[in-house]
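Chain lettering (A, B, C and D) follows the sequence in which the chains are written, and residue indices restart at 1 in each chain.
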Amino acid sequence: MKPGKYFESGAWAAAMGALASGATFFSYYPIEPATDIAEEMVRYGPKNGLLVFEAEDEISALGAAIGASWAGAKAFTSTSGPGFSLMQEHVSYAAMTETPVVLINGMREGPSTGQATKAAQQDVMQTKWGGHGDYEVIVYAPYNTQEMFDLTVKAFNQAERWRVPAMVMADKMTILLMEEVVIPEKVEVVNRKRPKVPPEQFEPFKPEEDLVPPMPRFGDGYRVHVTGVTHNEKGVPVSDDPWVHHKLVKRLCDKIRKNRDKIVEYEVFGDEDPEVLIFAYGFPARSAKEAIKLARSKGMKAALFRPKTLWPFPDKELKEIATKAKKVIVVEWNYGQMLNEVLKVVPEEKVSFVYRIGEIPIPPESILEEGGVRI
Amino acid sequence: MKVDVRITGIGGQGILTMAKILGSALVREGKYATLIQNFDTFISGGESTADMRVSDQPIEYPVFEKADITVFMAKKTYPRYINKVKEGGIVVINSDVIDEEPKGNFTVIKVPASSIARKLGNVRASNMVMLGALVAKLSLANPEVIKELIREKFKDKADLNIKAFEEGMKIGRGI
Amino acid sequence: MSLEESRKKLTQMPEMSLARAEALPHSLCPGCGIGTILNTFLRAMHELEEEGKLDSSKLVVISGIGCSGRISGFVKTDSMHTTHGRPVAFATGVKLARPELNVWAFGGDADLFQIGLNHTLQAARRNIDIKVVMVNNFNIAMTGGVPTVTTPPKAITKYTPRGWFERSFNIPKLMASAGATYVARWTTAHVFQLKQTFKKMALRKGFSFLEVVSQCPVLFGRYNKFRDPWSMVDYFMKMSRVVKGPQYLEEAAIEFGKPILVGEFVETEAPEYTETIYEAEGVVRK
Amino acid sequence: MVKWRIEIIEDFCKGCEICVNICPITNLYKVGKVDKPVLRMSERFGYQGYPLVEVVDPTKCTGCHLCDHACPDLAIHVIKEE
């Protein structure tokens, strides 16, 4: 896509972000509202060197993407709630096998089928805790069309950089909303590290200093064995020594935990020493931003803290600004998910929770009013 | 400047196309617009509504309940949205399909969009007629930019659509 | 001789050039047919490489979970040990992303026909160039001998002490009706035929399916009057009837006491999926 | 005349006896048609604790390769000499 300014949807922006990142493989199973992304990929993918594969289900969609990634592709898939639930086993597999792969999720209402065409933020804890075992993923929460582009690019880059599954958790509103999006002249693209030594000397799961091992590509003679079983640095399965498991899983988590400062992103909008702080992400953050403007226009010191990365969670940064505030309002389109992360760093008595369980607009005035702020 | 425009009709009438062209024109002119699509299902014949907020400032919150300008393309969504017109707002109706006389504290603009489009050769171009009337009457966007966008969007079918847009503009100016 | 020396000795055997020695000896039960399948597969691929028909660095072996899922770990090629039931899904991604690779998916009866049936049938329908090998040992052995979709009627397992009460799949017929362009069945008693079939599959374009009827002496055989590994191999040898052609598909279901039909049931041609998708979609390869 | 050497990697052998049972010459020995078998089970136990197979008379081996193709443990190898 030519650089420039467009009036387009979040789905389009995510598709452009993927292509700008050099994505070459996209697999999906239709589900609303993520099918919009598939529609864009079908339209723009092939001529830009990307193969689109309609899988038989979401399990296969992510499985194929992981396979494609090992065959050298930059691979991704898109889905929504129920499909995301089906993918969890393979998220866990991708984490264990250190496979770079990107998932774009158009969050809708659950549990179960819920309201399929309505937005919500009900999958955000599932991104981290949905699969079995300890692992770390990188999760972005875009709040406008521009971020659908920017954060999709980042998701690809981080997936490649740290060899983890990276996710873009967009709510359905952000996927469908059309507004201005700028495709920049140049996009920074990160590619996975390749082995620097010949196959005879190569140990496929031996990490470098940054805790990330270089990744060979199938068919290049490295004869790597990829397994979801606990494996040593040579890639040989080890099922009897719990310390090998301890060490491996610790590294898988540590490569993100120890580098969280390089990954964490957030926006603070408003005063640096706010009296009232609103915590919001994704679509509800748009209303929250408006609420901050409203409060400040009435002479109140107020700020919005908006995590762009839900995982790793910007807890330190939130704590620092929240310490100054008298009141912290958490806004979510669910019955309290990221709220619990806020409560880990902000005393409960300061926190009020403003929520709708589903796609019910929360106007700016309502956030302030329900949050107990009088202007 | 902040105007809330609602375009409503049924799937297949080109509600989204119309809204997207308008939004693209605004963005190209350096203004700001947001577009929220609401639809029952993807099936043609279901309700289709585009809620657009238009402004000369960046828009944070794109949701609104009552619109300043509401465009009705079909009867089906009329009862639902006629009560969501702002006091002193504007109602634009496709007078070929809506035979009721909208009553309330608002201005009514009638555009026989379907019959004009049919005369031009394709009833499906009625959305462009409506867009022309809307743009001419309310000076929402630069008509030349819109024509440019119609040409980009419809390519070899652009001529009919541009003609429909121009016919709509004539009506808009005349009202 | 130390284990290291034994491993070294193995790798010095030319026909074992593709064995991943560091993962051997494997942990499969004594007399397990999966070992025979691994053995003949390694020989087949080695022979093809010797004949100049295959570059083993382009060989990818993918397996699922279960006893047969371990196969990928014993092969010194690019290999993937995936999740239960999904090796074909992973294989599809590998093949699509890099079509020049020679992609194999190994799985057990439950892996490919119980939990993962959908993927197996879909791959056959698409005619994607993946070589699928199903080890039919009549039970889910890794979890202790649980019955599965291929367990013959009335068979005894630890979990069906009063006899199995479900009907079993006629695997070759199922695959043929899904559109597989190559369907064969052999048993672990047919070692040379296995090797030849592996060689044929490696060079074939399109979806190839092989069912290998295999002995599970410890968790299936001993509950069903097979006293040792050999008695089951011997049974396969004696009960097999070699056939060729789709007219035998109807009678291809396996039941105790009845002949086991082996051979090639289907061999046809159809457009291959990977080629078709690249061409039809006009994918510009980067 | 072609000679065959039979190599057994004892650490790999799990004593399943498939090779012994599949060997045509050893089967002839069982019915008294030849004086010595090619293979038999030994009294010894291997690294994995299983009884080991051993070669009795390699000169009778015809190089049919049934044993080394059928061995589930990659433990027996029939190698062409000269």
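Couple of notes before you dig in:
Following the convention adopted for this analysis, contacts are C-beta pairs under 8 Å (C-beta built on N, C-alpha and C of every residue); 3 or more make two chains touch, one makes a residue touch a chain.
Remember, it's a predicted structure, so these values are computed and weren't measured experimentally.
Across A-B and A-C, the chain pair carrying more C-beta contacts is A-C.
Inter-chain centre distance (subunit B to subunit C, centres taken as mean C-alpha positions): 61 Å. Work out the mean CA point of subunit A and of subunit C, and you get 38 Å between them.
Residue positions of subunit D touching 2 or more other chains: none. A linear topology is adopted by the chain contact network, the touching chains following one after another without closure.
Of all possible chain pairs, the ones that touch are A-B, A-C, C-D. Across the complex, subunit A meets subunit C through its residues 22, 24-25, 27, 45-53, 55-57, 59-60, 63-73, 75, 89-90, 93, 217-229, 234, 236-237.
Subunit D makes touch with subunit C in their complex at residues 7, 9-12, 14-18, 21-22, 47-48, 50, 65-66, 68-75, 77, 79.
Note for the complex: subunit A touches subunit B at residues 5-7, 117, 173, 176-180, 286-287, 289-290, 293, 361, 363-364.
Listed in rising order, the residues of subunit B touching subunit A in the complex are 19-20, 23-24, 26-28, 32-37, 39-41, 59-63. If you check the complex, the residues on subunit C that touch subunit D are 1, 3, 6, 9-10, 13, 15-16, 19, 24-26, 28-36, 38-40, 42-43, 188-189, 191-192, 195, 217, 228-230, 233-234.
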